[in-house]
Structure formats: structure tokens, C-alpha cells
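In the two complexes below, subunit A is the common chain; its partner is subunit B in one and subunit C in the other.
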Partner chain A sequence: MARFIIRRLGQMVFVMFAVSVLVFLIFNVIPNSDPAVRMAGRQASESTIQAINKEWGFDESLPQQYITTMEKVFTGDLQSYITQLPVNEEIIKGIPRTFSLAIGAALLWMFVAVCFGLYSAVKAGKFADRFLTIIALIGISMPVFWIGALMNHYLGFKLGWFPNGGYVEFTEDPVDWFYHLILPWTALAILFIGFYSRVLRSNVLDTINEDYVRTARAKGLSERQILLRHVLRNSMIPIITLWGLDFGAVLGGGAILTETVFDLQGVGQYAADSIGQLDVPPVLAVTLFAAFFIVALNAVVDITYAILDPRIRLQ
Partner chain B sequence: MIRAIDYAREALCLAVCVAAPLWANKVAHTTPTENHLSDTIQINGETKNVVGLDGVPIGPTWHGEFFLGADPNGRDIMVRLLYGGRNSLMIGIVAAFLTTILSIVFGVIAGYFRGWSDSIIRAGLDVIWSFPVVILGVALGVALALGGIKLGPIEISGDSLWVPILIIGVVYVPYMARPIRGQVLSLREKEFVEASRAQGAGPFRIMFTEVVPNLTSTLLVFFTLLIANAILLEAALSFLGAGVRPPNPSWGTMIDDGIDRISTAPHLTIVPGVMLVLTVLSLNVFGDGVRDALDPRAKVRLER
Partner chain C sequence: MSTPEAATEPPRPAGDEHLLSVHDLRVSFATEDGLVTAVDGVSFDLAAGEVLAVVGESGSGKSVTAMTLMGLTRSPNSEFEGTAHYKGTELIGANEDDLRRVRGAEIAMIFQDPMTSLNPVLKIGGQIIEQIQEHEALPDQQARERAIELLDKVGIPRARDRLDSYPHEFSGGMRQRVMIALALSCDPSILIADEPTTALDVTIQAQILQRIRELRDETGAAVILVTHDLGVVADIADRIAVMYSGRIVEQGTLDEIFYDPQHPYTWGLLGSITRVDRPRPERLPAIAGLPPSLGNRPEGCHFRPRCPHEFAKCIEVPPLEARQDKRPAHLDRCWLSAQQKRELREVRPGEIGLEKKAGAIQ
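Take a look at the complex of A and B:
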């Protein structure tokens, strides 16, 4: 077991390294323009450009620049080109907001999706199933920022049932924190509820025909016990894999659209706000941050499986 | 397809959503970028300003010109919707096509040759797969907006429609190439491939005449769902400022413009959004139906 965990963690470090190289290449090789010229503004003199080149290290070789950039990321010296503020501090400021959004939404979408998916499968082919299927398809067809903006406007601004965007610290006022997050949680959860309930529905329909379910029924267990103990448990495995990855993505600022439309000022929104000015370091740091959570959660999911199912360790 | 009649409603809805933008220049009384700030129109004998004195544009008139209202520059929303639909659909279809081609190339090579080419391709796909789709799109969008692309003789400027097409085309590749690879792994062991090999066919001949034709149903389902997801991602990137650049209209940029003014003119947000949802929903239902008809056990999922 220990060997499996070490190997999996080693793999994770390797993927993270490849990810960081890719991110570096995206921002340093793809752009077809000189960053120093861009920073110096219009009509900058040759000496200003050279000074910027020297200060930011744009004139060094690519591997050297990669090492410097990564050093800056880890030591917290990475600065925004535009505001000159340290990027790491801004990200740390956004973490509680992003995590609040991610944890609440992930619990909400898992719970609702399991209810919908199970009910849909039990009523397969009936009206309730068709209705839930249509709802799920509408859910995955809506842009999250669009439904978020409409909810914010109609439920928040027009009807005044909910606050109109913004965020309150949990430590300041837990009730207000919850109240401010109801709409963002719902908006973010809609898409995932659509996906998960459909995946769960098809898994349940597959499992229901397994031999052990027939055995359970033959033993005289109630339908309720069969569904919850035997069917649901086994149908949950693929969903939990998805959940781990999606939860990682949202923790890392992947809910950039939801954060922006509800003005939560989280990690994702920090990147979103930097796009307009083409401010590279914040976008670079948030991209790395997001990838880290996906890679880490992926490793956690694999290790959990290996603990639960010994066959996986040998593969 | 087999039960095409069951999906007639979605197909019709899709046909309208796709066909209407194609006729945009025939039915439109103005261009999508022309301002009508000081124009007035007659509705039921009353004269109304297209853009009010307080800067609030007219809402849906449900008559001829400005059928769905105007935006704060006095541009006709209906006309912009149709022209924007051209861009959104074009980006969706071309990006989905690009993803499909790249996925076939990588998936088939990795699955057929296995060995080191498989290891390299899988590692590359794993790395791309380690990013949330929107974040990777944003990162690429910022990088490309800085100076466009210059690849030898091909030069694409930063505000070209090709930028979102390329971004969207690339980010979905792992989601499609992985399942293709899996299918190729089992296809290559089938008797008909062995028969072809025994007849002396080379690897590339086998790939194109035996393997790829057997992927058709998977490709068809994926292609439909990819268009739906590409349209959604285009809207998301345009909303964040990393997709289609103004003054080019697309459903995404129109929603983005609308959200800034949602309190005074909600129709600016609702109209393009409804159009987008209808198109994506029809594609999703359609793709779903095709999948159920062709291969009920396949599990296809793109979004993260």
C-alpha cells in the first residue's frame, strides 16, 4: 500500500511539473509580442525598454526564465504587471471565498443529483423520469453566468429575497455568509446536477439487473433497503470519481464565471479581472493553482480507491 | 437516425436556430454594428425613441424593425442576434471539427501503435486534462490576445474569430481522444483488422479503412455534443473578455454587454441567452438521442 501511495504521489509531482512547463510556455512562447514593449507603453524610449527587460528578466534564456518564474511563484515574489501587487497575497485573500463557494456547491449538487438520479431511475420511462431528464438537459445547456445574472437580478435585485452579490466573511457573521452564498451555490450546482443525475440514473439502471440485487430481493429485503444498500452504493463509484475531479476544479478557481457574476472576489475572479488588462502573472498563477487542485484531488481519489479495492494497487 | 422521427421537434428547433442566422443579410434592415441613436419608430401610431433620453434603449416592439428591441447604441437586437448567431455557430462547428480531427489523429495513433507513442500522447492529454476547461481557455485567450499567432506564413491577429476557434478546438481534445483511444485498443484486436493485416495492409491503410469507419457512431455523438459545448465555452470566454472581441457580435458578447445593463434593460441579457440555450439544448437532446439509438451503454461527458 505504501508503495502505491509513494508511486502515485511521485506521478503527481511529475504531472505538476509538466503542467507548470505548459503554463510557462503558454505565456512566454505563444504571445507574438514583446512583454517589455507592452509594459513600457506607447512611445517608450529604447533605454526604458531595456531597463524593463533587465528588471523582469525578459532577455534571459527560456529555461532560465522558467526557473526564475517558478522561484517567484514559490517565494511569493510574483507581481502583477499592472498593479505591481504581489500575486500570492491576492490569491490567498481569495481562497476563503472560493472554498466557501466550492464546498457548499459541491455538497448541494451531490445531494440533489443523487435524489434526482435515483428517483429518475426508479421511475424510468414514467412521466417523472422524463420531466427530470428534460430539467437536467436544460441545466447542462445554460451558461452558468447567464442564469446567475438572471437570478441575481430577479431574485436578488427585483424581489429582494437575496443579497445582490457580494460576500460576507464566515467569521464575521455565519448567517449572513450563508445568506450571501445561497444564489451562487445554486447557480453553480445547476450544471453539475444535470450531469450527475443523468450519470447516476444510467448507473442505477445498470446495477438493478445485477445478480446480487436479485439475491437481495430473494432474501426478502424491502425495496427501500435494496435500493439504498445494494444499488445506490455500487452506482455511486463513478459519480464519486467525477465529484473528486470537479470539486478539485472548483476549489482551484474553476468557478471563475460564478465568482465573477456574483462578485465574490475569489481566486477565479482575480484571474477574470486581470484578463481585460492582459495582466499575465495573475492569470499564470491562478492557472497553476487550479491545476494543482485537480492533480491533487485526482491522486486522492486514486489512493482512496486503492484502499477500498486491493485489485487497483496491482495495476 | 433510426428513430429520427422522435427527435423531429429538436431537429426543427435546431434547423430554425441554424437557418435563421444564415439568412441574416437577407432579412435585416440594418447591419449589426450600425447605430440608430437618434432614430424614432412608429408603434401603433405612437412615435418612440429607439434610445430614450435617459439612455435606456427600447424593449421588444414585436413589430418589424427593432423586433426584439435595441441596445444602448441603438443597434437592432434582432439583427445582432442573427449575425451573432453566425459567429457563435461558426465557432462552435469549426471548433468541434478541429477537436474531432485532432482527437482522431491522437486517439487512433495512441490506440493503434501503443508503446511509446501511446505513452507520450497520453501524458500530453493528461496535462491538458489537468486544467479546468474555462481556466485553460482564459489562459490561452490572454496569451493569444497579446499578439495573435504567427506560424510561418500564417498570421492571425489577436481579435480574429480564429483565436476562440483554436482555443476551444484544443481544450476539448483530451475529453474526446481518450475514449477514442480506448475504442481503438479493442478494435485493433478484432478479426477483420487481423484479416486486413494478413492481406498485407500497412498500419495507415488499416487505420483509415478498418478502424476509423468503425468509430463513426462515437464520432457522430461526440461531434454533436462538442458543438453544444463549444458554443457554451465561446459564450463563457466572451463573457470573461477572452473570446470574441467587440464589435464582432456573438451570443456570448451580447450576453456580456447585457449583464452590465441588466437593471435597466434586461432584454439585452435574456434574448441572446434564450437563443443560446435553445440551440445548445436542441444539440444536447439530439446528441443524446443519437447515442441512445446507436449505443445505449456509452457514457459521453465533456464538461468539467
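Take a look at the complex of A and C:
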């Protein structure tokens, strides 16, 4: 176990280093991304730009700029080029919002997808299965910004059943927190439910034909026990992989569209705004933040594997 | 088709109540090529404590017959006809709940491949206890003790410690022992063993068969042993049913089948056994041709296209009946007279009358 954790930490450092270099390089080759020009504003004089270059160190060599920026990441001194606000404060402000969205939606989509997928597999070929298949395909096909906007417009604005976006701190009012998050959770979960339930359905159908399921039936177990004890557990592994990756991405601010449509002002929305302004420091920081969660959740997935299937050992 | 077995069945001795009585069982599956009949009118009886071996090659319907008794071939694509009476319960049409009470408790099954027949993610103890508690209201601790006892009985060393092991921590032979323990956990009256030794190496085969035999003696359970290997059968069976292409072609006691085989297919099977007490043949003897595909069986006797002794009468289906006055329980499905059979089967030593027949492959 200790070796496993050390290896994963090493992996994490490597991934974050690679990601940071890539982000840094990409923003240096994007046309029209010279930060000094953007900071100086319209019709700035050449001398103003020069002064900014000097002050922010944009005249240094690229590796030197990278090192300075990364130093600031670790000391927490990173500043946005555009708003000049400290990046770490902005991210910390966004974390509870992003986490509220991510955790709630991830639980919701996993639970519903398992129910749908299992039911669909049990009823394979029958009406219920076909119906759920169509629902799943609709869910997969609807972009989240569109379904989110529809929900906001009809359920929020027209009918007034739900608030029109925004976020309330959990510590302030838990009920209102929940109320504000129902639509974002649903909108984000719909895509994943469609996708996961399809994957689970096909896994269950594969597992049902395994010899040990026949053994379970020959023991006289009920169909319910066979499904829950013998089939589901063996069918969960691919779903757990997907879940780890997707949950990690959403925790790391990957639900950019959902956060923006519902104006949650989480980490994802911060990233989206910063990308729009070609503002390198926040983008770099959010990317590192996301990479951390993706790698960490991957480790959690591997541990879950070992629990689900004793043949897999961590090393 | 008529069911001649019923009319010609030999009278049973008084008081000999059969534990299981299968009559004219037919199992068909809907496939892309249409309806395919895997089991085509199988009838047999099983007495308490008896070991019946069902022998045949792949696709002869022997496994399907065995699994059908447990209701394991049920699916939207399968159809059943005929009856299987077990202690007054009809198994073929039984509803799922009634069948569940029989499965595992009254009739238990050991499967061919011990490597895949145990759930890889559950401890073997749990898999045994689960079955015990399904059929008997035993508290956890007692069920656990029973499981340890069972593992001990099938010859697993340090049973108490191994209860918490996973299947992948056992060898193939040990896993098959676990499967046997599982099958015996509720003291069934019938143990169906579907090729229990096929996936194991030869020394382990002998041990497993020995175990099954001993357990039969201890528990008094009847055994249906499904196998393609006549060699396996010689050690353990009381009676043998030889199946070919969905039908039983010959049925009798071990001695009757081995020393007085009536059906040319049985001759071929016996002739294909390699024997250490005979001179080594240049080639291993084999029955020429291939068994017919399920969807394309010949009319009349199914063995006709491969049989060197085919004659005009073979276009009619021979009923499974006793054809020798002195042996009322030795049944076969061959139109040849007893006299002809005696002569023809001796044509070639080592091949028991089955010469290669040109163009036999259908």
C-alpha cells in the first residue's frame, strides 16, 4: 500500500509538471496572446508595453518565465494578468461551489445510472429496455448548455419553481443551498446517466452469461440475489473507472458549461472566464488543480478495484 | 412421434419407487437457423443411490438434458416437452419459485469448468454459506461450521482457514472440490455432475471421481454423471445411457454396455478407448464421419450416415426398447437382430465392427 501511494504521488508530480509546461507553451504560441499588449489596453504606446514587459518579466527567456510563474504557484503569489487579483483566493472562493456541484451530481448520476442500467439489462429486448435506451440516447445527445438553458428558462424563469441560477453557501442556509443546486445537478447528471447506463447494461448482459451466474442459479438463489450479489459486483468495474475519471474532472472544475449556465461561479466558470481573456496564470492554476483531482481519483479507483475484485492487487 | 418407451418399458420390481423419472423429454432452442432440437425424446429412470452415467460426444444433448432437469436451460428461446418427475414434483413445467426450492437443496449440480464456475470476487465460504442459508434457516455461525465440515469432507486441507480464501487462491482440482462441497451443502438426493473431470488433469480426475463415489456411499445420493469419456464411467457407474444426436441409443448396466454392447455407436465408442492391455494400434481408432448438425439430422436412425451396417429398415426411427429376452433392462435403438449384432461387432478387434465407411460424412 505504501509503495502504491508513493508511486501514485510520483505519477502525480510528473503529470502536473507536464500539464503546466503544455499550458504555458500553448499560451505562448496562441496568436494575439501577448499579455503586455492586452494589459496595456487599446492604443498603448510602445514605451508603456515595454514598461509592462519589464515589470512582469515578460522580457525574460521562456524557461525563466516558466520558473518564475511556477514559483508563484507554490508561494501562492500568482496574480491574474487581467484583473490582477490573486489567483489562489479566486480558486478557494470557487471550491465549495464546484465541490457542491460535483459531489451531488456524481452521486446522482451514479445512482440513477446503476438503476437504469440494471433494469434495462434485466428487461433486455423488452419495451422497458427500448424505452430506457431511447431516453439514454436523448440524454447523451443533449448538450448541457442547451438543456441547462431550457431548465433555467422554463422551470426557473417561466414557472418560477426553481431559482434562476446562483449559489447559496451551505453554512448559510442548507435548504436553499440544496434548492439552488437541484437544476445544476440534474443538468450535469443527464449526460452521464445516459452514457453510464448504456455501459452498465452491456456489462450486465455479458456477466449474466458467466458460468458462476449459472452456478448461483443452480444453488437456488432468487433472481434478485443473483443480480445484486453475483452480477452487479462483477459488472461495476468499467463503470467505476469512468466514474473516477469524470468525477475527478468535475471536481477539478471540468463542469465549465454547467457552472456557467447556472452562474455558480465555481472553479470551472473561473477557468472559462480566464480562457476567454487569455489570462495565463488562472488557467495554469486551474489546470494544475484539475490534474491533481484526476490523478488522485484515479488512485481511488484503483483501490476500489482491489476491493471489488480480490484478484487485483495494488503494487 | 409415438413414444414407444412407455409401452415397452419393462415391469419394475415391486416397491422400486424411482427417485427421478424422465419421460420423452424434448428440448428445442430457437436459433437463427430455425428451431433446433437438442434433446429429442429422452427417457430414463434413476433410483436412489444409483450412479447413472450419460455418455456421448459433444452436441449429443447430454449436458442440455442434465441442465434442463435443473431448469437451467430456461430462456425465452427454449421450448420443452415431456416430463421429469422428481418425488412427485414435476420439474419441467414447474414455476420458478418451486424449482428454486429443488435447486441446490434436492438436486445439485457440479459443472464442467471449476475455473469459471465459482464467483471470482466472493470468498468460497460465503458462496457455500449463501446456499445453505437459502434453503435452511441456520444462524451464520452454524452455517459457517457446516461449510467447514463440507470442505473437510471433500478433502480440502485446513478447511477452517481456507473458508476465507478466494477461488483464484485454489488450484483447479481444489476448486472442483469446492464445487462438490457446494453441491453437497444441503444434502441433495440427486447430484448431477456435468463433465466434472474434463477440465482437470488425469491424476486429479481419479481423485475427484473417487470422492464422488465415496460421497455417494456416505450420503446415499443418486448421481447422474454426464461425460464423453467411457473410461471415466467404468470406475463409478452402475448404469450407462449412451446418447447420440439428442437421443439415448443404448441403455443398460455397466457390464451390459461394456461386455455386450448392442448399438453400433456404442461399439465405436468402446473401440475408441485406448487400452494399455492391447497392442498399440497404428492410428487411434475413431468413428468415421461427424455427428449430424442439430438442424440437419437424417431421417430415421440418427447414426445411419456413419453406420457401416445400415440397411433399408434404418429409415424408420428405432424405438429404445429391450431386444433380448433375457435382458429386459438392456435397451437399445438398433434394428439389427441380436444375432447380427453379435457377429458384426467382432469384425475387427479393437474397432468393434466399425469399419471406415467411404462418403459417410454428411
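Following the convention adopted for this analysis, the second predicted complex is superposed on the first by the 290 of 315 C-alpha atoms of A that agree within 3 Å, B and C clash if a C-alpha of one lies under 4 Å from a C-alpha of the other, contacts with A are read in each partner's own complex, and residues count from 1 in each chain.
Operating definition for what follows: contacts are C-beta pairs under 8 Å (C-beta built on N, C-alpha and C of every residue); 3 or more make two chains touch, one makes a residue touch a chain.
Owing to the predicted nature of the structure, the values given are computational and were not obtained by experimental measurement.
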| item | value |
| --- | --- |
| Three-chain arrangement built on subunit A, subunit B and subunit C clash or fit | fit |
| Subunit A: partner with more touched residues, subunit B or subunit C | B |
| Once both complexes are placed on the shared chain, angle at subunit A toward subunit B and subunit C, C-alpha, multiple of 10 degrees | 90 |
| Which of subunit B and subunit C A:141 touches, first, second, both or neither | first |
| A:220 touches, of subunit B and subunit C: first, second, both or neither? | second |
| Contacts of A:240 with subunit B and subunit C, given as first, second, both or neither | neither |
| Which superposed partner A:286 touches (first subunit B, second subunit C, both, neither) | first |
| Which of subunit B and subunit C A:210 touches, first, second, both or neither | second |
| Which superposed partner A:22 touches (first subunit B, second subunit C, both, neither) | first |
| Touching partner for A:9 - first (subunit B), second (subunit C), both, neither | neither |
| First (subunit B), second (subunit C), both or neither touched by A:295 | first |
| Least Cα gap, in Å, left between subunit B and subunit C after the two complexes are fitted on chain A | 15 |
| Overlap of the subunit B and subunit C footprints on subunit A, listed as residue numbers | none |
| Residues of subunit C that touch subunit A when the two form their complex | 70, 72, 96, 100-105, 108-109, 111, 113, 116-122, 130-131, 134-135, 166, 168, 179, 182 |
| Contact set on subunit B toward subunit A in their complex | 123, 126-128, 130-132, 134-136, 138-150, 228, 232, 235-236, 239-242, 252, 255, 259, 262-263, 266, 269-270, 273, 276-277, 280-281, 284-285, 288, 297, 299, 301, 303-304 |
| Residue ranges of subunit A in contact with subunit B within the complex | 15, 18-19, 22-23, 26-27, 30-33, 38, 137-138, 140-146, 149-150, 152-153, 157, 191, 195, 199, 202, 206, 238, 242, 245-246, 249-250, 252-254, 256-257, 260-261, 268, 271-272, 274-276, 278, 280, 283-284, 286-287, 290-291, 294-295, 298 |
| Residue numbers on subunit A that touch subunit C, as the complex places them | 210-212, 214-223, 225, 229-230, 233-234, 308-311 |
